[in-house]
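Two complexes follow with subunit A in common, the first pairing it with subunit B and the second with subunit C.
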Partner chain A sequence: MTTGLWWMMSKDLLCEISGKRSWPSMMLLGIVVAVVFALQAQLPQEQRNQMCGVLLWVTILFAGLLGIDRSCSSEQDDGCWEALLAYPVSPAAVYWSKLLVNVLSLTLLEILLIPAFGTFAGVRILNPIAAIVPLTFAANFGIAALGTLLSALTNRLGLSGQLLAVLVLPLMIPVILAAAEGTRLIALGRIDEEWWRWFQFLIGFALIFVTVGSILFEFVVEE
Partner chain B sequence: MSISIASIEMRGLSKALGDRLILDGVDVRLHCGECVALTGDNGCGKTTLLRCMAAQMRPTGGEVCWFGKNVIDAALKRRIGMVSHESRLDPHLTIRENLIFAGRMCSVSRPGLRADHWLDVCGMSARADHRPKQLSRGMCQRISIARSLIHEPEIVVLDEPFSGLDAFGTKWLHNLLRERTAGERTVVFSTHDPLCAESLAGRVLHLADGRLQEAGLAATARYSCPANEAA
Partner chain C sequence: MKSRMDSRTSRSGVSIAITAGLLLAAGVAIAVAPTEETMGVAQRILYIHVSVAWLGLTGFLVMAGCAVAYLFRRNLGWDHWAQSAGELGWVCCTLTLITGSLWARAAWGTWWTWEPRLLTAFILWALYSGYLLIRGLIGDSHHRARLSAVVAILGALDVPLVVMATRWFRGIHPVAPSMEPSMRIALLLSVAALTSLFAILFACRRTQIRIEHLMPQLENQIDRSLNSTARPSPTTMSHV
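Moving on, here comes the complex of A and B:
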């Protein structure tokens, strides 16, 4: 499984780099929305610290969904799903390859977005970096696990963009809420028990949906 | 030709898509080294049947066995190659990269060398760095065939492989399939051309109303088929 997984990831990354399918639009949307949010929110520092988490993570979600949807819709549009599933790899390996590429996409987005947002909004979310990094990593896995599964489902139904938002947004509320709360606490300088609870929640969400995705993906993509 | 263990055996195979029954109790047994042509009207279910044979589609009822086993796993899939009627090459990769990717996914040793070999066999070495959209449909079809054979599968399933090929390409594929069956590999292909079916295949099966009938016999040995035995 790991060999096929590695080659599928390499292929997706190569296609993204050569074809620039989604990363540029994802980054652009994220930066524009984040900057607009940050500059328009003319609030006292205390209120900015309280609101920064939700503004940041809503931005990441909407920009990230562009990339997540494209990871599956490109296979559907190019007629490559059948070819991919015909290879001697398990559907779970296909799911994991899409999942890990989506986690990487979200990570690259956040490397640009979080410092920009923190600077324009005047909130200290990079300090300490040992708090924001694991938080975003756990949230990325949760978002990518659920998003990849649902994107594959909606693409196989032929209703990608329209249905994906309807399905994903309500189901993403827990992970966005937890990530936003964790970020808010970092901005307030409170890496305490409450922060750890939200972090553990993100880990649990990611574990559950990675497991669910690994099991269900085969049934989602089969005809 | 010796008859050994069946490479593909279908018993009572049924497949429904939605509320439409595509295949209804298909029984067939294919042996190593056999070349079988599948004919039928448009929309009769040839592609569905071939995809079930190639372990790409799960049947609704009945059973499919490959080399005596009815469990689809990676090891089994490595012994099967399927050519779809659409090339389905990744448009973001060059044709060489498409072949290398297929070789890697099928655990082929030295996929780069094998890809170069197949590009040579297809007569496309000069276009190795072209992307599929830069090629004609027939060229893409040839690369698609090469991609499905790069790992030297024992069962080759082809869905209308001659469509889109010019005279040179048709002759090339003809010779390629003859080589496959001479090497004790099982070849199943669908076609609308009865002459092609009769000239290439040792057995012709006709799909109609969801059921298979043996449509014609070539001059070579007759193979066992439950439908014939019942008749």
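Moving on, here comes the complex of A and C:
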């Protein structure tokens, strides 16, 4: 399974690197939205610290959905889904390969976006780095777990885009809120029990949706 | 013939019992339960609000349970139950938001405020709506049943969040307010009466969906048999 997973991930990464299908547009949208939000947030420092979390994570969600949607819509043409499912691995392995590529996409986006957003908005969200890194990592798994499953579902319906947003946004609210609260506490310099609670919530969310996604993916992609 | 009569009689009996239960619950909530000191008459919204909120949550769990059963059994009957629960749950969830908003206006002075319980209830409503939207977009019965089952199961994971929102996150929504015994009785009666109404509507809607599903098949069969009888046989032709 590990070899199969690796091959499928390599296939998606090679397609992305050679075709540049979603990463550049994802990064550009992220930066533009971050600049717009940062320009609008001409507020006293205390209020900026309070608001930065939600603005950052809404930006990440909007930009990230572009990449997540592409991860499955690219398989729609020329019977790619059928070929992918004929590969001798379980549907759960296909799900995991898409999930890990989406986590990688989100991580790359955040490597660019978080420092840029911090600079534009004038908030210290990278300090301490030991708090923001695990928080983003857990949130990425939650977003990618749900996003990958729903992207496959909406693409099987031939209705990516509008329907993905309708289904993803309500389900993503808890993970976005938890990540935003965690980031706000980092900006306020409060890595305390409350921050720990939000972090645990993110881990729980990611674990639940990764497990459920691995089980349900089979039902989504079956003919 | 006799069994059909019996079934009709028992159905009327159930309808009468549910109507009587609803009237009794309304009577106790309006006439017997005392008026709350701070909120006044507006507090009586609670009897409906709690009942429909409970049914909104239960509806989602029932829908997800039927969705799981469909995925394992591949019997469309389970999908019909899930659709019935989804539609009624959506109505209950909408009523929860409306009655909650009326209650909030009286209690907090605002129609809506962003606090955990309200937010999670809104998410639940959005998920119900997404589920019904998905169902409306797919033509093939089994395809529709399979994909909407996935959405129902994902959405059901939000239910514990709604229930525990007031305990896990700080908010202003009451957790389990203390009540006068007569208020508690009125609340329990409302919950029981509305749950019975939900149960009977759930069964009726399921039957209706099943008939809707069987109708095209029946029409096809009638068309086929009409065509076969209308087609002139060779012997008739020879007579002509």
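One rule holds in what follows: the second predicted complex is superposed on the first by the 221 of 223 C-alpha atoms of A that agree within 3 Å, B and C clash if a C-alpha of one lies under 4 Å from a C-alpha of the other, contacts with A are read in each partner's own complex, and residues count from 1 in each chain.
Heads up, the rule we're going with is that a contact is a pair of C-beta atoms (placed from the backbone, for glycine too) under 8 Å apart; a residue touches a chain by one contact, two chains touch by 3 or more.
Quick caveat: nothing in here was measured; it's all calculated off a predicted structure.
Using the contact criterion defined above for the overlaid structures, shared-chain residue A:Ile129 touches neither subunit B nor subunit C, since it reaches no partner. When the two complexes are overlaid on their common chain A, residue A:Val166 makes contact with subunit C while staying clear of subunit B.
Legend: residue contacts after superposition of the two complexes on their common chain; A:Leu146 is shown touching subunit C, with no touch to subunit B. When both complexes are overlaid on chain A, the residue A:Leu157 reaches subunit C alone and has no touch with subunit B. When the two structures are aligned on the shared chain, A:Val32 is found in touch with neither subunit B nor subunit C. Of the two partner chains, subunit C is the only one that A:Val220 touches; subunit B does not reach it. Of the two partner chains, subunit B is the only one that A:Cys80 touches; subunit C does not reach it.
Within the superposed three-chain model, A:Ile111 lies out of touch with both subunit B and subunit C [touch as defined at top].
Common to the subunit B-facing and subunit C-facing surfaces of subunit A are residues 222.
Of all the residues in subunit A, the ones that touch subunit C in their complex are 146, 149-150, 153, 156-157, 159, 163, 166-167, 169-171, 173-174, 177, 208-209, 212, 216, 219-220, 222. Those residues of subunit A that touch subunit B in the complex are listed here as 3-4, 7-8, 11, 14-15, 18-19, 21, 78-80, 82-83, 85-90, 222-223. Residues 17, 54, 56-58, 74-78, 82, 84, 86, 88-93, 97, 101-102, 104-107, 147 of subunit B are the ones touching subunit A in the complex. Within the complex, the subunit C residues that touch subunit A are 71, 119-120, 123, 126-127, 130, 133-134, 137-138, 146-147, 149-151, 153-155, 157-158, 161.
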